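There are two complexes below, and they share subunit A, which is joined by subunit B in the first and by subunit C in the second.
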Partner chain A sequence: MGFQFDLGFLVYELGIGIRYVPVVFLLSVVPLIIGLLLGTGIAVVRLLSLHPFDKILAMLVIFLRGVPLVLQLTILYLTFSLGFDSLAKALGLAATAKDIPYTFVAIVGLSVNATVYLSEVMRTSLQSVGVGQYEAAYSVGLTTGQTLRRIVLPQALPMAVPLVGSQFISLIKGSAIASLISVVEVINATVYEANGNYKFLEAYVAAGIIYWVLCMGVERLVAWLEARVGIYSRGGVA
Partner chain B sequence: MSNIFSLELFIDSFPILLSRIHITLFIVIVALLLGLVLGTCVAVVRLYRVPVLTQMAIVYVSFIRGIPILVLLFIIYIGLPLLVGTIGLNINRWDTLFFVMIAYVVNTAAFLSEILRSAVAGVEKGQTEAAYSVGLTRWQAFYRIVAPQATKIAIPALGNTVVSLLKDTSLAYTLGVIDIIGVINAISSNTHRSLEAYTAAAFIFFGLSAVMEKGFRWVELRLGVKNTTQGSAQKKLAAVGR
Partner chain C sequence: MIQVKGLHKSFGKHKVLRGIDLQVAKGEVIVVIGPSGSGKTTFLRCLNFLEQADEGEISIANTCINCRHVTQKEILQIRRSTAMVFQLYNLFQNKTALENVIEGLVVARKVPHAEAAATGRRILDKVGMTEKYDAYPSQLSGGQQQRVGIARAIAVNPEVILFDEPTSALDPEWVGEVLGVMKQVARGGLTMIVATHEISFARDIADRVIFIDGGVIVEQGTPEEVLSHPQEERTKQFLKRILPAADYAI
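Then we have the complex of A and B:
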């Protein structure tokens, strides 16, 4: 018995998988944007020590960082399917859990995950800006908001870009876990096609190649972006 | 609320889940140790630019870093028996844990090789030159001068890798390994509920990763690793570790 690998079917599966690339982007770009916005908010709250929110958010971030994504998604999915109907009834909505696509649940779960990690990314990036910069900004009469927007964020950005980029790649890879809560994305689509002929290896290899190409593309994009935002910090120690 | 989440079931599931903790820890430890061995080999190949092997190592690391661990698990679980079958060996009936292990070793080694490589590259060349100038041999220079400094650079990233390895093991259940998460199926077939057990598993994973992070923090202090909020080389490396 030789090693059987159907190259023709692999190519066919690649064609199937590519059609689901938009789903992967939906599952990674939307959480990335939500995560950046909320994460920056959390980072600012924690940096400015806004009592008592900073302590609560810190606890939440530390807890969620320790929980695997698959558990976060499963718990959210179960809570959603158990709790949505009674919540909808209480609010007088006609919708039931069946009406809401699982993709939505996955996006919410991935967004929570992204927020947690990106808040840490933004926090270290903001911290990397020296305290003298804040003091100088205050001394010329800028408000806290102005200081953050005009002085601190532009300097924190070159530090944040590679870290956000690697988070984006983690999100693309993490979106694969959505297949476990029955979201039809690249993996489920290719494996479904293989149900007829049991050529599951080709299906998974095709899915792997698609993710690989996506991640390499994002890596290139981040490297290009890094060169652009770092333009003002050339020289010096960095 | 009680029909959504039962506190009693939540508490009851802890002993059952904890009874399978050794499987999870076993995967983490073996994957880390074998991953370090394989990762070191890959890093050496790339640092010394061994022809042909370097190109293979680059593709290997890039591929592993680019595909989800879920896909890798299935590729190895389905593909390895087929591949080994070509030399007439039948490993179809081998324990699933074996395939899971291979997948995590292959995955961890790729990340570790990147960490080790950039840690060694992060030590200034002048250090090696200075070592040679006082008459140390090539091995002595590496072992006494470069390695201790590289270790300091690598430790924070290594810590990140171990914690994400722990969290990645949560996917082993997809192949039927009965670890902390795999055992939840057994619980839910009895009670017809699984939310409580999954929540309990979340707390266990949080506890484990908190302990690991504390451990690495302690090692960092002992080794005198500089505060990680400073030093851009370390921070870039920490990103590699995920």
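Then we have the complex of A and C:
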């Protein structure tokens, strides 16, 4: 008896997986926002060479970029589950590791990862704005903060959109790693259903299709955004 | 009104300014000439602290600064009493012509937006940019961009406008219109310090011409004195190089 691909089960699994799309968004959108805010902060500190923080942050970025996300998440998960109880006790908190959902741990881990990469994205984008823009802003009396906020960042953001978009896609796919630390998301949910009938291929293909559709959607969204930001740089009219 | 004493500036081992002294009266138009690398641009940039001089004193209006110990607050104060027109215009690429002109008013000087916009439109009219309030820099020609640059400098009502070779990057066809606007500004009574290679422009509008070479002021005087009857050998040689022979009598 040869292998039979069960299309019906695939469709059934798609239905299961779709219910966990919100989890995927939670695991990717929250880190994206946190990563954008913190990453921009790191980029600005490094851009302005604010001693000694610029060097410290540069080291941190290099260190965190050199460790695979799957290891970062696992180490964070183990540290958390092993160390949280004694830490909570030391702080006099009544909470134990079981009270904190693993989703939260995954969000923290993915946020750290996103922050590191997005800080590099933002640093590159900020560097693309010429020194003349700063000088002109200073010459009319703007402070460094006003210059960054009003002149430099608005010009750096359009540069950053495609790069942030591809980081968002990485995050969506990276969120799948959360399945390793027992967060129930698309992969864990679909595979769980296959435990009874061993139709794992259908389960994984269903999960794959869901991720693929999500990523395609994000790609379209980014393309749409790209066409709308930074109109001024192509001679358009507001 | 503007007083500069003993300004020194080095980039690494290269001494660019070796002691510049200058006094400028209110409403005076100073044209700074000199070979490339003579320190003209560095001198202007030291005046509004885009470069910080190593040594010397700068006083503009009521702010007197010793360049060795200068605070951020003093720098901001100096920058808010000066304005600069750049060789490459440096208009804010993300802002329209009008927004470029009023940015310094609204953000640095806290002028209410409506009032600033009225001022901005008036000044853009003055430099002949009435039709282009809402155009972005990328939609403007070089000459138009530089006229907006001049409008941006005028708008903040500075004690002095520093012009850093404002026509050097322009196509020849736009040079005339920009010089025209600058003449008009000069007649309006604003204090100007202009670094330029446009000798005939210097002749036309300068109250005083300063020839800088090797980081020092070699010679200064009225345009007639410096440009037509230079005393110093270095001035004569410089003028000989850049002027058609007939335009210059020893």
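In the analysis below, the second predicted complex is superposed on the first by the 231 of 238 C-alpha atoms of A that agree within 3 Å, B and C clash if a C-alpha of one lies under 4 Å from a C-alpha of the other, contacts with A are read in each partner's own complex, and residues count from 1 in each chain.
The criterion applied here is as follows: contacts are C-beta pairs under 8 Å (C-beta built on N, C-alpha and C of every residue); 3 or more make two chains touch, one makes a residue touch a chain.
The structure presented is a predicted model; accordingly, all values stated were derived computationally and were not measured.
Participant: Following superposition onto subunit A, is the placement of subunit B relative to subunit C best described as a clash or a fit?
Facilitator: fit
Participant: Looking at the overlay, does A:201 come into contact with subunit B only (first), subunit C only (second), both, or neither?
Facilitator: first
Participant: Give me the angle at the C-alpha centre of subunit A between the C-alpha centres of subunit B and subunit C, rounded to the nearest 10 degrees.
Facilitator: Result: 100 degrees, to the nearest ten.
Participant: Could you look at A:180 and tell me whether it touches subunit B, subunit C, both or neither (first, second, both, neither)?
Facilitator: Touch partner of A:180: subunit B, not subunit C.
Participant: In the overlaid three-chain picture, which partner chain does A:155 touch, first (subunit B) or second (subunit C), both, or neither?
Facilitator: A:155 sits against subunit C, while subunit B stays out of touch.
Participant: If we overlay the two complexes on their shared chain A, which of subunit B and subunit C does A:139 touch? Say first, second, both or neither.
Facilitator: second
Participant: Counting residues of subunit A in contact, which comes out ahead: subunit B or subunit C?
Facilitator: B
Participant: Mind working out whether A:74 is in touch with subunit B, subunit C, both or neither, as first, second, both or neither?
Facilitator: The first partner, subunit B, only.
Participant: With the two structures laid over each other on chain A, which partner does A:101 touch: subunit B (first), subunit C (second), both, or neither?
Facilitator: Touch status of A:101: no partner.
Participant: Considering the aligned complexes, could you tell me the closest Cα pair distance between subunit B and subunit C in angstrom?
Facilitator: In this superposition, no C-alpha atom of subunit B lies closer than 17 Å to one of subunit C.
Participant: Is there a shared patch on subunit A that both subunit B and subunit C touch, and which residues make it up?
Facilitator: In the superposed arrangement, which is not itself an observed complex, subunit A uses residues 238 for both subunit B and subunit C.
Participant: Going by the contact rule at the top, pick out the subunit B residues touching subunit A in the complex.
Facilitator: Within the complex, subunit B touches subunit A at residues 3-4, 62-63, 65-72, 74-75, 78-79, 82-83, 85-86, 163, 167-168, 170-171, 174, 181, 194-195, 198-199, 201-202, 205-210, 229-230, 232, 235-236, 239-240, 242.
Participant: Once bound in the complex, which stretches of subunit A touch subunit B?
Facilitator: Residues in contact with subunit B: 1-5, 62-63, 65-72, 74-75, 78-79, 82-83, 86, 124, 127-128, 159, 162-163, 166-167, 169-170, 173-177, 179-180, 187, 200-201, 204-205, 207-208, 211-216, 238.
Participant: In their complex, what parts of subunit A are in touch with subunit C?
Facilitator: Residues 132-133, 135-143, 146, 150-151, 154-155, 232-238 of subunit A touch subunit C in their complex.
Participant: In the complex, go through subunit C and note every residue touching subunit A.
Facilitator: Per the touch definition, subunit C meets subunit A at residues 48-50, 76, 79-80, 82-84, 86, 88, 90-96, 103-104, 107-109, 134, 136-139, 152-153, 156.
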